[in-house]
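Letters A, B, C, D, E and F mark the chains in the order given here, with residues in each chain numbered from 1 onward.
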């Protein structure tokens, strides 16, 4: 079972990493979400996997899955949720302000990106050399 | 009295349902929960009243009960029917879109009708016309379309009309 | 209070104070800055005088204060013969330069700025020569680099001034850094940065394995500062400074700082072959190159600059000889060079000032127009040429003598005397040029101004210096001898050897060399035209050009490297981050010979789990494969979330499952809201190599995570969790241990977590304020905004879901649930209302400011924690009690519930705030023809 | 646990599972979206109901007192499934999702 | 007295909540609360630092649960030191923000600011590894909000990168913490350290892998090569006050390395001792040079300052990597310098940007800015300080670090990297200063109207450190030496944390 | 017997889930996928209830209930997206 579990996390991670490395914001958000799922499962598993144990103190049934990683994962899920929400809205903001959804806001002249002062753009390089 | 009721118990049926649901949720009938459930059953409708301004009146509780019984039975039958249809040869099926003219006017009643249609024999309600006068239904196997329409109107729409609209009409 | 106990630091720091005063005073009167500076210089001299008396009595004065003892750093000053000599030169020539500058600067020049810089420079120089602590010396050393940068670039509108200053700063600054390193090594070897200790440890230093690096580093400082080959090229370009600056920096101060260092460290560092070859070699090369080049400069200051370089080479060469006598000669030449070179620069300045040019091709026959100045220039030039009866002759004779004696016994004995004679020839030639080409040689050509004598006061400093040249040259024993003796013995840290300052030593080889130099020099000068023409036919190494192109090369390389690495690209940054973590963790594991897996038995697999895992894996893969079809990809990630929560259920973590499920849906709604404004598909734009890199990283990450997971899961461990299990009920009052950990044992984490959530909500709100976005073009949309069936249904659903939320909330402490899940359920309930009825309709009915809900939630959670403080327990200490009421029965009242209520409110507030703000986005920028119809 | 009760439970659970499977088979097998819609909305829903009924009986028997809360899920499924189906159908209609050719379009007599 | 370590947390938290709740009452009220809170925090933290010098580390058991079960705050000299720096920096940044009306540019500035302080202080105080994660997230989210405050294209783009990279970082953090828990079964740092010291050889590899992954996470925060790429744009594009406040953010990463790795992989860790140090050293040296090249290549002032921040942080990390009390003392000394001067530079850059109109801070010739001489003089001062030229704090710091490096086997490399990068920075700053202040067009075409230099007090406060650190080198170095020595004797920390007994609570009968 | 029946039931439902996932995978249209996702949610509920009986745990109930709620909301949101693009307007 552990191997199956590890394999699942591994695939999620690999897919998450690949998506995180994409050039558009939406896949990146999905990738990071996948990574978050994967790491939550990982963190959870660190208490070792247990099947069929009660989740509340139960003197009759006995046994209990490690509660600490669960608490940690809960916190992690919430935080990941907040972060994902923030990131996707930021992606929207980037789309609005940069005009496209490329993570680097490309498709506009790259020089312009580095230089908000558009007029001397053409000659700025030459100028720099003279002044340096 | 009715003023008081409108403020404190805007949707008595809803309150009752909530109370029952509370007890179901907690899977208990201990007095503490009955009390807490009652409090919540009163509180929540008041809190959410602005989202449900229209009052709902059930004119004929007995009809409602009977309607529910019919529907439950139909669900059982319909499902077995559909199971047979699905497992049978798919080429024998005669799918159809049926436009059902509606007599119901209350949105709640229409919604319940639409839901009922979905749950019962081989039909799914697909679209309600903008004027809310026609319901478009998809039937999985409607070899006699008019019969299906008639049955729906007879079996479901009429009781619903009685339940929800008899006093307002 | 004995002033003599702390006069040295005052002498060094007074100019800095004067700098501030001068800058301030200049606001009131144009010349006030000069007078303040002059006065301060005089005061400093005055302060020094009593101490000089003590030094002449044979004492070495040291005044120390603790600064940073652990680091060997003391605020520590030293006055010995060498320091006295240099301090007198700095102050004396400084005073003359101040007077000169008072008349030199034009009305356009800011007096305050000039004198402030000049005085800071003077203070820095004094600091160098008066320092006992070597780190302190480095401090002042670098200060001279900085202040000279300011002085050279004083005429900041001039490109050559800016570039010259930056070149000087780069070279001398680099030297300063080398000096710091060298001094650190020296301190490391000796165990102290105090000069007294270092000078007493010559043997130790020379025999230390770190001697050579130490020597090289210190010499780097010396050579850069004193413009020794191959670092000499900055000096001519520093001539862009106003002439008083050149007169000061390049006669007595800045460039002499390096020489001073040679004299200072002579007892500690000299006496090895390395010293001789490095110092002597650099000195000889500099001497020749400077002397040769000076002749061909048409600019007066250019000539003087190369002459300076040459003379600095001469002094360095003398130190390189390494004999005690050579040191005496070197120090003597330091004095002489300072006097004649300062006066020559001032003359050059006067000429520039009065004629408007420094080009010797234009300047001719000035003796007619400014005879007094001409006289001064001639005397000083002859001193520079080493003509008898002038001071330059004496030190040059000593130099020749030493050059002859040092090479005796060697097979190539003639080389050194020959080379120095050659330098002497050129020296004579350029000195002659300075005199003849400017003051004689026909009539001036196209001068911008009609030349005439400068203001009287402007010549006084030159007068004084020239008188000094004469006095020393004629009566050395009565003028320079005592101070020379004093300085030499301080430099040697030994009694001065026997030497004679007499004019006449008989007819010997050095005299022969002098005569040859004078004769051939004159010959050379009068045949200059052909030589100059020949010189100018050749391409010459233009150091400035090389420096500039080196600088551009540096900038280009820097840009190349930085942009290659820092591409301002998220993909690049993310790839590096992932790569680094993979690399380091793999390295970390492999450093130890731990087995990959442990011995813990693994669980059996069942078919359902296999199916679930298969779905999970496929869903993950298809999230990836379909990522260009965003909606499909989003749905796939929904499946991933669903199976993830199933896994939580399966492995006995219902709380997690509930949370994951709720979060999942809210996230999907959120992503759908956002997707409306984003393209529906992702373009194919990535190249194969990039894809391969990403795939490699992805696979490596997957493999890494697999191994990481298995490493841990296959091992046994012991955990602190038993404590939680044991104390959840007695200590936390709840049977749901996970929840008790969340609200009690580790309630502080949860507080942090809701703060994150609150911030996310607030941050999203802030981000979306005033944002304009157009929905992306896509399929035709229905006209009907809100399907009535859904609308109706949502009304029923809202109270029902809120009821479920209350249920989940209340049971959380003892059973799976809690404030967070309840909050999400309530949020989802509200979301359904929004989905069904639209923003406008819902907002009209839900008049709660979600900011306040968030704030209230945080306040409640915090206040719950603070309540414990009131009863004397730490923050977040929980309390619970069991209450029995009639009818109602037993129930538990726990402070954790209040905390959880805070959590609940924050979750609701943040989720709804974010989603609604996002939903509103389309309303603010809705330009499409369709309008929200709202609910009926 | 009496044998008949166990038998009843087994039957309910298996029936529920079977109906669920039928729903999914319908989903996988039927030729157009509108027809596929019928399986999940009916068979699966009822399948869920059967299993939940089994659960109700099981836990009531186990704890010795009536355990009805699974009813809630049933109830909820019965309410939501049609609404969901309706919305999906609406979306499909709107998108002119393919329907098989023999589908009738019948406008009833008024 | 018991609650002392908690006060630096509750103060900004309550202030933040109050500001949020008082939103309807307008900005003036928020400003007052914010500023008073920061001032009180400053006083409090100074007092705490003074207090911490005389006593053993102070433990605050949140929820009255003892370590390692509950989360404890640990106030020792290092954390108190970091708290003071944070509060000082925050005071200056907030003052500047108020004077520049930065808080009017968007919503919730003061809430974000206070919670940012809460997060930073929490990261400095917590003794629990997972709680550190939580505080990282708090301070990150606050920083996201602050970074984006006011909006704008480039800011948004930088923010997007910053957020995404930090999300990756958070994921890595969880992987690392998870694995550590999976092997060691605990989360309290002291407890982790104790368990690592007793770790059998068969488990060392996993812990080392997790430890180095954690190192990468902190390195991201600290902006170490090759994971600093988020920094240059983030710092250079945000508003000045925020960039100034962010000067502490990299130090949070450094602090985490010091605290977590210093404790977990300190000398008592046996085979695992110092697993991160080689990486730290070499990466910081590479960082330093790369940053210096970035300084040279920069095309605008704020970008250049961002690279200067990188360079100074790298220097600081090199000092830590030398791994001796002496070097650490020097590093902490340099930390003060690096934080304040970098912050001051960002504020200064704001004036320059304002004064140059449309040309902003780009290295192209522009009309002379108003008050050029004053601003230029301040610039020279700050440039000298940051580049490590005498007689200012940067020189003092570098001198101390170099001196401490003398005994290190890699001394030659450390010397070369520090000195070469210093030289590159000097050259670059001379060039940019010359461009900004000297190479100007005639004043008739002046780009902007003279404005008062709003927030001058803040700039003064920050840059004064350049001198004060030199003048008062002895007492300050005494302090950092004390802190360094305490850090190199972790036994006291471990004992104090693990032997701390919570208050007796008669209502709770705990099972041991 | 019950145990065995439950095991078999689990397998049957797992098979059903795989079929649903198959539809989600092959589509062909977006409504098909939404429907498949919705069905998958319901399958999961059944799976959980059976699992609850099998493990004799009443605690699967909440999860099942929540899936019912959340699955529905997801379906509504996705359908609304297809209908209007803007799901909250």
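Just so we're on the same page, a residue touches a chain if its C-beta (ideal position, glycine included) is under 8 Å from a C-beta of that chain, and two chains touch if they have at least 3 such contacts.
Small disclaimer: the values here were computed from a predicted structure and weren't measured.
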Enter the minimum step count from chain A to chain B; a value of 1 means the two chains touch. 2
Core chain by centroid distance, with centroids computed from Cα atoms only: E
Comparing centres built from CA atoms, which chain ends up most distant from chain A? B
From the centre of chain C, which chain's CA centre is farthest? B
Looking at A-F and B-C, which one has the bigger number of contacting C-beta pairs? B-C
Need the CA-centroid distance for the pair chain D / chain F, whole Å please. 11
Length of the line joining the C-alpha centres of chain C and chain E, rounded to whole Å: 18
Distance-wise, how many Å sit between the C-alpha centres of chain A and chain C, to the nearest whole number? 34
Find the geometric centre of each of chain E and chain F from their Cα atoms only, then give the gap between the two centres in Å, rounded to an integer. 48
Identify all positions of chain A at which a residue touches two or more other chains, and write them in rising order. 20, 25, 28, 40, 42, 45-48, 51-52, 54-56, 68, 72, 75, 79-80, 82-83, 86, 90-91, 93, 103-104, 113-114, 132
Overlap residues in chain C, where contacts from two or more other chains coincide: 551, 555, 568, 570, 574, 578, 650, 654, 675, 705, 708, 712-713, 717, 719-721, 724, 745-746, 749, 752-753, 756, 759-760, 763, 767, 779, 782, 787, 789-790, 793, 796, 804, 815-816, 918
Which residues does chain E have that touch at least 2 chains other than itself? 130, 134, 137, 141, 144, 148, 151, 160-161, 164, 168, 175, 178-179, 181-182, 187, 431, 439
Name, in rising order, each residue of chain D that touches chain B in their complex. 19, 22-23, 25-26, 29-32, 34-35, 37-39, 41-43, 45-46, 67-69, 71-72, 78-79, 81-83, 85-86, 89-90, 92-93, 99-100, 102-110
Which residues of chain D touch chain C once you look at their complex with the stated criterion? 79, 83, 86-87, 90, 94-95
Show me the residue ranges of chain E that touch chain A in the complex, using the header's touch definition. 130, 134, 137, 141, 144, 148, 151-154, 156-157, 159-161, 163-164, 167-168, 170-171, 174-175, 177-179, 181-182, 187, 299-300, 358-360, 362-365, 431, 435, 439
Which of the residues in chain C end up touching chain A in this complex? 551-552, 555, 568-571, 574-575, 578, 600, 602-606, 609-610, 613, 616-617, 620-621, 623-624, 627-628, 630, 633-634, 637, 640-641, 644, 647-648, 650-656, 659-660, 663, 666-667, 670-671, 674-675, 677-679, 682-683, 685-686, 694-695, 697-699, 701-706, 708-710, 712-714, 717, 719-721, 724-725, 728-729, 735-738, 741-742, 745-746, 749-750, 752-754, 756-757, 759-761, 763-764, 767-768, 771-773, 814-816, 820, 910, 914, 918, 921
Of chain B, residues touching chain C in the complex: 14, 17-18, 21-22, 25-26, 30-32, 35-36, 40, 44-45, 47-48, 50-52, 107-108, 110-111, 114-115, 125, 128, 130, 132
